[in-house]
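The following blocks contain the structures, represented as C-alpha cells.
Presented sequentially are two complexes of subunit A, the first with subunit B as partner and the second with subunit C.
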Partner chain A sequence: MTEKKTPLLDELEKGKWPSFVTEIKRAAVRSASAAELLPLLERSYRERIGHWKHGGIVGVRGYGGGVIGRYVDVPEDYPNLAEFHTVRLLQPSGWFYNTKTLRTVCDIWEKHGSGLTNMHGSTGDIILLGCKTNEIQPIFDEFSEAGFDLGGSGSCLRTTNCCVGPGRCEHACYDTLDACYNITNEFMDELHRPMWPYKSKIKFSGCANDCTSSIARSDCSVIGTWRDTLIIDPVAVKEYAANGYPIKSQVCDKCPTSCLTYNKETQELTIVGEECSRCMHCINMMPKAIHPGKEKGATILIGGKSTIVQSAFMSWVVVPFMKLESEDDYEPFKELMRGIWEWWDENGKTRERIGETIYRLGMGKFLRETGIPPVPQMVFRPRANPYVFWNQDELDKSGTMLDGSAL
Partner chain B sequence: MQKGPASPEVKAKIIAYLETVTKAKSRDVAVAIGEKKGDVDNAVKELTAEDIVEYLYITTTYICLKGKVGAPE
Partner chain C sequence: MAVVKAKLDQGPPNYKEMLPPIITENYGKWAYHEIPSPGVLKHVSESGAALFSVRVASPRLVSIDFIRDICVLADDYCDGFLRFTTRNNVEFLVSDEAKLNPLMDALKAKGYCIGGTGPSISNIVHTQGWIHCHTAATDASGVVKAVMDDLYEYFDTMKLPAKLKMGLACCLNMCGAAHCSDIAIVGVHRTPPVINHDVIRKGTEIPSLVASCPTGAIRPDPKNKSVKVNDDKCMYCGNCYTMSPGMKLNDARNDGLAILVGGKTSNARSAPSFSRMVIPFLPNTSPRWPEVVAAVRNIIEVWIANAQKGERIGEWVERVGWERFFSLTGIPFSDMLIDDYIFSRETFRTGAAFKY
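Then we have the complex of A and B:
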C-alpha cells in the first residue's frame, strides 16, 4: 500500500460533521482498493478531472441491472481500482434493519469487496462501492442466500423508494411501506431486465410533504392525500391560541389557496374545503389541531425527472385520487403503470424519460392512447399548463379559439 | 412483460438478428424481426438466463450476444 499525502482531502475531515474521507481512511487499513481511492480522489481534486468511466457489461446471469461497471482511466497508476464496480441491493421499505442484517451485509461485502458502503444512495438502495468483476457472481450468490436481491440500474424500473410512512409518521395517508414492497415484488421483471427507452422511477410519499422528493425525482410520484376535508380540532386550536401561537400570520396568511380563516375573538379556525389544495402547510404548523381528512389515498403524478434530454421536470397529476388501503387497491395502480410503460415503450426515443415523451407528443395524445380520463386537477389553471394541448377540431366543436375567446 | 415461456422461434430470430449487429435496443430488435415487443422482452429474459445474450450499458441499456462486446475503452 503506497502512502501518499492528501492535503486537499484532509480539509474535508475538519468541522463537526462526519467525513467520508475519515471513513475511507478507516476502510483503507484493511482494503487495498479503498487505500488507492484517496490518492486518486486527491489527484482529481488537484487536476479537476474525474478519472472514472462507467458502463459496459458487468452483471450476474439473467440480470441486466444492479451492478454498475466502474473503471479508472489510469489503471497503471491505481491497479487496485482497475475494476471498482458498484453493487446495488434492494433496501427494505423505510430502511428498517436489525443489527444482525446489517452485520450480514457488511460481512459479505468485506469478504468480496472494498468494504465501503453508501447507506443509502440517492436511489434508495444499499450501495456497495468497489468490487472486481470476478467477485460479482459470488457476491450476488451470497446476498441471495442471505435473502437480498439486486436493485435496479440501466433502462429499467429503478429501485422503488418510499418514505418511512406510518412506521414513524402520523401524516402518512397510506401505508407507503406496504405499497412499496408489494408493487416492487409485482414488477421484478421490469426492475431486473432493462427493456425500455431509459430509466423509470416510482417513489412513494405518504403525504404532500413528499419526503422522498418524488415530485421532482421520479417518473411516477405516488403522494398521499385525502379527498374529504381537513379535520380541525377546535379545542386544540384554542390551546395554540392560549400559548400565543400566531395562527393568522403563520397559518392562514400562508395558505396558498387562502381557504383558512381564523376568528381571533372566538378563537375559531374554519376552512372552505373546496378551496383546499391539501398542501400540508397548516398541518405542519399546527399538527395537534389540524389533521388530514378521513378518506385517505394517493394522488398519482407522472413525468418528474432531472435534466437529461430536456430540462428538469416536476411530475404532473394524472390521477387525482386513488385509494391505496389494501392489496386489492394496488391492482388499479399496477394496471395504470403497465399501460403507461407500454405507451412510453412504444413512443419513447432512446434516452427519453416518460415526461419528455409526453412533452414531445402532448398530454392529449398520452391521455387518449393510455385511456386515462382527463380531469381538471391535471392543470393548475385552464390554459396555463404548457403540457396540455388542445386539438383545433375539438376547439371548433366547443366554439372556443386557441386563446380562449369565443369563435 | 409477457409471462410464460418464450417462443423458441422468437428466440432464434433474436439470436440471428444479434449476430448481424454489435448491440441493439430490444425495441429495435422487435421491429427488425417483426415480433411484439413483449414477446421479445420475454425471450430476451430467457436468453440472458441461458447465458446466450447479455445486457450492455452505454448511456442506455442494449442487448448483445454474450462475449461480443468487451469492457469500455
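Then we have the complex of A and C:
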C-alpha cells in the first residue's frame, strides 16, 4: 500500500465550493477501492499525469454495452483499482427522483461498488464509478430487479435525455419528459446492442433556449417551437410597464428580427408575426406577458457532435416543424429516425458520426435518399458556387442539336 | 437466496413515479416563473399553485453519503422529491411555502451552497479527468473546484451581465459541450504517443489500432510486429491509447490547458455559436491551477466591465470585435489562435473594416 497522506488533494478541501475530495474521503470510509483512489489521485496530482487505461471487454449477458472497462496502469501499487469499471444506468426523464429510488441506487451500489457516483454523466446517465469485473452481472441483476436498466456505450444509440419540460417550465412546447421516455423505450435494441458506425445521441429540449444543449451535444436535436404567432397578454404588459420594466430597451431593441413594437403612450406591445423567428428572447424577458403560440411542436435537427474528428458540428435543420403532442405524433419521428439511421448505417464509415457522413456525401444526397423534402429553413443562405452535381438521368441525353442534327 | 435474473430492455424508471404531487397536478400548466432570491425559483401554475425550487451546488462526483444526506432533506422539506439539473446541481422541490425558509436555513447550517440562477454561474459541466479517464490531459474536478471557489461570488448572487455557462473537457475529445460554452477550459496534449513495442506485441490488434487513428497517422510496422506513427499527422486525440496501452499519450512536461470563449447553445437573440480559442496553452499546475483561475477571472471581469445588460460573453465579443477582446483583456494573440484545420477560411477577415 502506498503513502496515505494526500497533501495536494487536501488543498482542494479548502474554499466554498463543495469538494469532490471530501466526497471520495467519505466513500473511502467503507470502500477499499475508494480508499485507494485517494493515493492514486494524489500521485496524479504530484506527477501531473493520469494512470488509467481502457481495454478488456466487460459487460452483462444480453447486452453489448452499458459498462466501460477501466483499469489502473500500476495495479501492483493499487490492487483495489486493478479493475475499476464504470456502470451507466438510464436516468428517469428530467432527473426527477423520489428518495426511495435514490436510496435504492445507494444501497445496491454500496453493496457491490465503490460508493462513488456522478449525478449525472454528460450524456445523462446515472454513473456508478468503480467496480470489479465479477460484480458487474450481480449489479445489473439487482438494479434490473429494482426497475433500472443499463445506459448506452459504444457504437449505439446513447442514453437520451431531456430538459425539465412541462414538469416545471412554462416554455415547454412539447412534453419532453414523455417523449424522451417513450422514444427511449422504443429504441431499446439500438441502445443496448451496438451495431452502427459510431455512437448516436438524441436530446429533447422543450424550447429554443435548449437547456440540454442538444444542438451541440446530440446527433439528433429535438427542439420545441411553435408555428403560429406568439401570444401577448396586454394586461400583463401593462403590469410590466407599471413596474418600470424597460420594455423597449430590453425586449424590443434586442429582438433580432425587430418584429416587436412598444408604444409607450398606450403601453401596448405589438408583433409582426411573419417576421418573428421564435428565438425566445422576448418570452425569456417577459415570461408573464409573452407566451409561445398555440400550434406547438418541435424542430428536428441532425448532425451535432463534439470536435473529434472533423471539427465540432452543431445540428442543422432537417424538419422545421413536427407535431409532438401525443403518442401518435411520436410515430413519424420514430420513422424518420429509423430512415436516417438506416441511411447512415449504409453510408457511414467506422467512427464517423452521422453529421460527418452527411458532410462528406452532401446534404442533397442525404435528403434525396431519405426522402426528406428540401426547404429554405434548412440553410442560413444558399450555396455561393455553381457546382451542382446534376442528376444526368433527368437531363436530355438525346445527344442532338435543337434542330435534331447530331451534336 | 433465489437467483435474481435480469429483465432485459425494461428501459429507464418511469418519470411519472418521480414527480411530486404538485407537479403531477400542474403538469404542463405552469404560467410563469420568478427568481425571488439567488438560487430560488418560483414557478406559478394557471391554478395559482406555486412550486419553489432551491438550487444547491454539487461537485457532480458525489458519494452515496451525499445522496443519502440530500434524501433526508428532501424527506423533511419536499415530501421526498428532488431533481438534478442539466448542469449537475441539485434542486429541492418545495410545494409548501412554509417549508421554504426552514429548508434554506437547514441547507445553510449544513454548509450547502445555494445559487446558480439567473445572471450567475450555475456550475461547470465537466468530465472525469485523472479520476477515471485514460486520455485526460488534466484533472477535471480539481480545476473546476479551484475555478468555482474563485468565482463563488458569481454563484450566490445575480450580478453578472447575463448567464455564464462554463464547461471543462479534460482532453480534446471535448466531452461535455465545452465547444459551445461561454468559457471552456480544455485539457490539451501536445506530443504524439510514445510507443511501447513490447506492450503492443503482447496483445494489441494491430488493424484495430491502425484504424483507430482519425488522421491516418498510424501505419503497421510488420518488421517489429508493431506500428509506426507519422508524428506530423498526429492530432494528440488519444484514440490509439484507447485501443492499446502501448501508445502512451500522457506527457507530464507538455500537457496543459487551453481556454476558449464565446459559445452558447440557446437561440435567444443570436444563433448558437462555438467557443473560440483565446489562450492556446496554460500549465498544468496542480493542485489549484492558479494560471487558469486567473485567466478565467480576467475574462469575466473585462466582460462585466464592458458588456451591456443581458449580453452573453460571445454576444459582447461579437459586438465589439475579437480584436477588441484581445486589446481589452490584454491576452496576447498568436498564430496558434488562427484556425488551420478543416473549416478555417470562414474565420479569416475578408473585409477591410476593423479596430485596433
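Observations on the model:
Criterion: the second predicted complex is superposed on the first by the 378 of 407 C-alpha atoms of A that agree within 3 Å, B and C clash if a C-alpha of one lies under 4 Å from a C-alpha of the other, contacts with A are read in each partner's own complex, and residues count from 1 in each chain.
The rule is simple: a contact is a pair of C-beta atoms (placed from the backbone, for glycine too) under 8 Å apart; a residue touches a chain by one contact, two chains touch by 3 or more.
Since this is a predicted model, take the numbers as computed values, not measurements.
By the touch criterion defined above, A:S44 reaches subunit C but does not reach subunit B.
In the superposed model, A:K53 lies in contact with both subunit B and subunit C. Touch criterion met: A:C156 reaches subunit B, while subunit C stays clear of it. Legend: residue contacts after superposition of the two complexes on their common chain; A:H281 is shown touching subunit C, with no touch to subunit B. In the superposed model, A:G62 lies in contact with both subunit B and subunit C. Legend: residue contacts after superposition of the two complexes on their common chain; A:Y198 is shown touching subunit B, with no touch to subunit C.
Counting residues of subunit A touched by each partner, subunit B versus subunit C, the larger count belongs to C.
Contacts of A:R351 after superposition on the shared chain: both subunit B and subunit C are touched. In the superposition on chain A, contact is made by A:D189 with both subunit B and subunit C. 53-55, 61-63, 189, 350-351 are the residues of subunit A that lie in the contact sets of both subunit B and subunit C, per the superposition on chain A. Across the interface of their complex, subunit A is touched by residues 4-15, 17-19, 23, 27-28, 30-33, 43, 51, 53, 57-68, 70-71, 74-75, 80-86, 88, 90, 93, 112-113, 125, 127-136, 139, 141-142, 144-146, 148-149, 152, 155, 169, 172-180, 211-212, 214-215, 237, 239, 241-245, 250-252, 255, 263, 265-272, 274, 284, 286-288, 309-310, 341-343 of subunit C. Residues of subunit A that touch subunit B in their complex: 53-57, 59, 61-65, 68-69, 71, 153-156, 189-190, 193-195, 197-198, 345-346, 350-351. The part of subunit A that touches subunit C in the complex is made up of residues 8-9, 11-12, 14-21, 23-24, 26-27, 34, 37, 41, 44-55, 60-63, 70, 73, 84, 86, 90-103, 105-106, 109-110, 115-120, 122, 129-130, 137, 140-142, 144-145, 147-149, 161, 163-164, 166-170, 172, 175, 177-178, 181, 184-185, 188-189, 192, 208-217, 223, 250, 254-256, 278-281, 284, 287-288, 306-312, 314, 350-351, 380. Residue ranges of subunit B in contact with subunit A, taken from their complex: 1, 25-27, 37, 41, 44-45, 48-49, 51, 54-61, 64, 69-72.
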